[in-house]
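The letters A, B and C name the chains in turn, as written, and every chain counts its residues from 1.
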Amino acid sequence: MRLTYSAEAVRLAVPALSLTVLLAAVFWLQPRAMSYVGLNLLFNLAVPIALATIAQMLIMAVNDLDLSMGTFVSFVACVAATFLRDTPLLGTLILAGVVGVYAAIGIVIHLRNLPSIVVSLGMSFVWAGLAVLLLPAPGGQPPDWVRALMTAKPPFAPMAIIASIVIALVAHLLVMRSSLGVLIRGVGGNERSVERAGWSVLAARAAAYGLAGVFAVLAGIALVGLTTSADANIALRYTLLSIAGVILGGGEFIGGRVSPIGAVIGALTLTLAGSFLSFLRISPDWQIGAQGAILIIVLALRLLLARIEKREKAR
Amino acid sequence: MRMLGRISRKPWMWSWTAAFVVWFATIMVTGGASTFDLSQAALTFAAFSIIVGIGQMFVITLGPGNIDLSVPSTMTLAGTLALKLMEVDNAMIVPGLVIAMITGVGVGVVNYALIKALRIPPIIATLSVSFIVQSAAIWTNRGLRIKPPSFLADFTTANTLGVPNVAIIALVISVFAWFLLEKTIYGRWISAVGQSMPAAKMAGIPVDGTRFVTYIFCAVLASLAGYLLACFSGGAALNMGSEYLLMSIAVVVLGGTAVAGGDSNVPGIWGASLFMFLVVSMLNTYGLGAGIRLIMTGLIIISVIMLAGGRAR
Amino acid sequence: MTGDTLTAIVEVADAKVSFGAVKALDGVTLAIMPGECVGVVGHNGAGKSTIVSVINGGLTPHQGNISSDGERLARYGIGVARARGVRCVFQELSLCPNLTVIENTRILHRHLGGFGWRKRARKVIERSLDLVFPGHGIESDRSVGELSIAERQMVEIAMAFSDAGVAPRLVILDEPTSSLDAGLAEQMLGYVRRFVDAGGSVIFISHILNEILTTASRIVVMKDGRIVADRRSIDWTEHSLVESMGSVAKGEANRRAVRDLAGAPVVVEQIGPGLPFRAKRGEVVGLAGLAGHGQTRMLMKLHAAETSDWLARREATVAFVAGDRRLNGVFELWSILKNFSIGSLGDLTNRGVVDVAAEMERATDWKRRIDIRTQDLANRILSLSGGNQQKVLFARALSTRAPVVLMDDPMRGVDVGTKQEVYEIIRQQAASGRTFVWYSTEMEEVCLCDRVYVFRDGAIVAELEGDAVTEGNILAVSFRGAAA
């Protein structure tokens, strides 16, 4: 790889920098966090958030938005804690089916030119309803292999770190390196020119939604593995967190500008924000607020960078 | 027949019809025994979604991409702050209301300042603000749950001539909103901006001023709803707003307001809000659980948008 | 056809295309042979872009037929055209700005897929870039959005000439040099000549006449949707090209009496690249030149300088008449009445409340004055014909008290009768002291103005006044290299 000053690198600079600064601050406040166990604790919950963020990113790559991410992940968690454990075959079928539903939503949105926000809003009620039907009260148990996987203690680095790296790499290969990824991002960038070159925009959008469904399903399974039980409201915050994660990671709402590695970093940053405050002995009340503040700061930084870049270009 | 055709073309008719059908289906089961109670409860609970929904409707009317996600946290913060200031003292009712309003204005100003200054889509600006406001609410809410002043607690739960007081407040606000939209220059401006921002600009409309005022208006209505809801339910709970994030958007969509902007519909908000509550009670009466209710709500939203919002490619 | 007679790569026979009342193509026959570069020139609305769309398959002519390699094609579209090696560099950006140059190559060439496509795509595009623009310095793994405009255009051109399976045989270049500097333009023209010498074909559209004269082997002049001249380029001169593009008599009949405005005060002013812009009270100032050379931007600047985004002005100082009605003109959900009154609501409200009676009265008055053909002003604006919608937009602007009216080529697609009515109103209003700044792509209208600024490449390059406002003079400055 040549060391070029590419847009992607700049896009990654701000989120990577904010994560590093935050991590350094945490270590400075609490040196004991700089250990295998400490890191695992810090980033444990990041894995499902990172997966959900990648899912949201795929939808945003085609200029849409998914407001049902939180309820969908909750629903998957409920399925994983019941069917997937008791009747693995049926559970797998159900999960495959809902991925199909995601692709179908993409098709409907494209064909009827519907606003994705409203359709996914409707779907969020549907997923929430299904989850409540499945588990009216908190309960269920993750399949043993999921539990084992999520609590595994690999050598050198804790599971959460390794999983995050794997997620980032897989998503990077899929979205940034493969032909399909190029096509999906092309639809976000300039739908007309993709169409003019003879591609089916419908298929591209369906693929983006389908892939998003796959990642969201993985998010739900990972979440159950960590929490040991599921309930219908377990992941409601993921809708907003996943959007924030994509934006933090350098993604944009329109124009197909997304970065999978950035999205994972964004998810890690959001997870870390909470721990950081608790080390500062600021009350955990401000955990959510810190996430909002980080979001604003990063967006302001990005605007500043873009301004500087523009000025240099004009010179 | 022509008359019927004209009415059926009014977008608010659908939500009203749906609300009526559900209401009827419910009292059929109970044999009409609880008709009055049911109607009263529906009006009470719908009132809160109406107040919040009207604010959200104004924002959505501004055109694609405009949406206020900070509504639930604004409700919680306004309710919490007001109750804290009033400290169960009937003399502090007005200052409490004022502090709730100020909260709303503040959130609205910050929302639009971020949209403008960081040039980010409203959805992400209001999202970040909602995180911070939510934290502020949690922080102030700490400790004991404070009761509302007795007068307010009585007022919000009582009826006047059989009509719940909160519903009367919602009606007053609705009439005011309708007047703003239909009769004033500001209403024309919102609609113009929502239909086409470039065209509005070139027609000499102060686009930023219009949007700014609208975001403030939405946040103020959210705080008012939060104030009332906190008093109604005997105290501000931290999650009291959360239900209203999706609800506020849903009643706007179901009420026949154009999701693409430019066309708003006050009566539709009433129909949709009543409907949303009545579906719950109907399914309860039939012995069906929350799950089915949620699924049906979702399917209805999707069917509405597919019938109304489809533009052929 | 058989034997050694060359067959045309694409041949369009008697093509007719009309958009509403406007005939964009009125029976055009054009054959592009292998190994020739056909230059196409013409003024606004001559039909250049339309014939290009027909040849690249984007537009099916309403009449006439298309054949390729001696074979008549019943179903001709973008796909067929591409498969036969027809490529087009569009005036608007046709790449995905968020993707890298390599990824854009992948999108354009459908058959590059499979493992290792990045390497193949890089080879394809870098070879083409090196051939067309030696020493270009463009890194192909940068995203298109961060390239400069010139670099983007270079990539577009190289993309059109790139070969990944289907070799390019006919490349359409529509104003390809508009954002390239002289050196890069020369590189590209050199490559076009080599491409043509090697048996390829090019259709070349440009407003820089000596580019066309030195590069094309044959030049076609278009006017009013027809081909009016078709000669080898050595038989043309800059002068004869300009002459054959113009039509002498048209427009002169409408010429207005020259008015003396020397003493009138200047009401708007704008300093930009090129000559300064000034308009006096009661003056009709025309903005002319080829479409897209900065006229609309000038109007937007004038408008932005006089309006605020935050507070409404008590007294509007400018009013705007849109040309692109769908983009920045009509409010589609609204009635005719509301569309009309939105510009002058300040006069029609009392403490923010709209005075419905006054609104109706004024609208009815203007409906009569400008003859908007509708039963009921409460009908939706979209129920009107295009011409009548345009009249509503005129009425919106004229009914304000703004002393300056900006017009952004508002007569596109409007019928002749309406045009004459509007011309008359403009004449009357100018006489009573209103200033009009009028961008028009129609020569006839430009000739109605007191004074005309001609735009080229984003700047005002000439100011014509009175009798000097002629089609010949405007054409001469619109096309670079033709003046002097």
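Here is the rule we go by: a contact is a pair of C-beta atoms (placed from the backbone, for glycine too) under 8 Å apart; a residue touches a chain by one contact, two chains touch by 3 or more.
Just so we're on the same page, UniProt names per chain: B = ABC transporter permease.
In this text the structure is predicted, and so the values were computed from the model without any measurement.
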item: Pair of chains whose C-beta contact count is the highest in the structure; value: A-B
item: Farthest-lying chain, centroid of Cα atoms versus that of chain B; value: C
item: Whole-Å gap separating chain A and chain B, where each centre is the average of the chain's CA atoms; value: 30
item: CA centroid of chain A to CA centroid of chain C, Å; value: 44
item: Gap in Å, rounded to a whole number, between the CA centres of chain C and chain B; value: 46
item: Junction residues of chain A - those touching two or more other chains; value: none
item: List of chain B residues in touch with chain C within their complex; value: 183-186, 188, 191-192, 195-196, 198-209, 212, 258, 262-263
item: Chain A residues within the chain C interface of the complex; value: 2, 4, 6-8, 177, 179, 182-183, 185-186, 188-190, 192-194, 196-199, 255-257, 313
item: List of chain C residues in touch with chain B within their complex; value: 303, 307-313, 316, 318-320, 322, 327-334, 338, 342-343, 345-346, 349, 352-354, 396, 400
item: Chain A residues within the chain B interface of the complex; value: 65, 67, 108, 110-115, 117-119, 121-134, 136, 236, 240, 243-244, 247, 253, 283, 285-293, 295-296, 299-300, 303
item: Complex contacts: residues of chain B adjacent to chain A; value: 64-65, 67, 69, 114, 117-121, 123-124, 127-132, 134-136, 138-139, 142, 242, 246, 249-250, 253, 259-260, 289-302, 305-306, 309-313
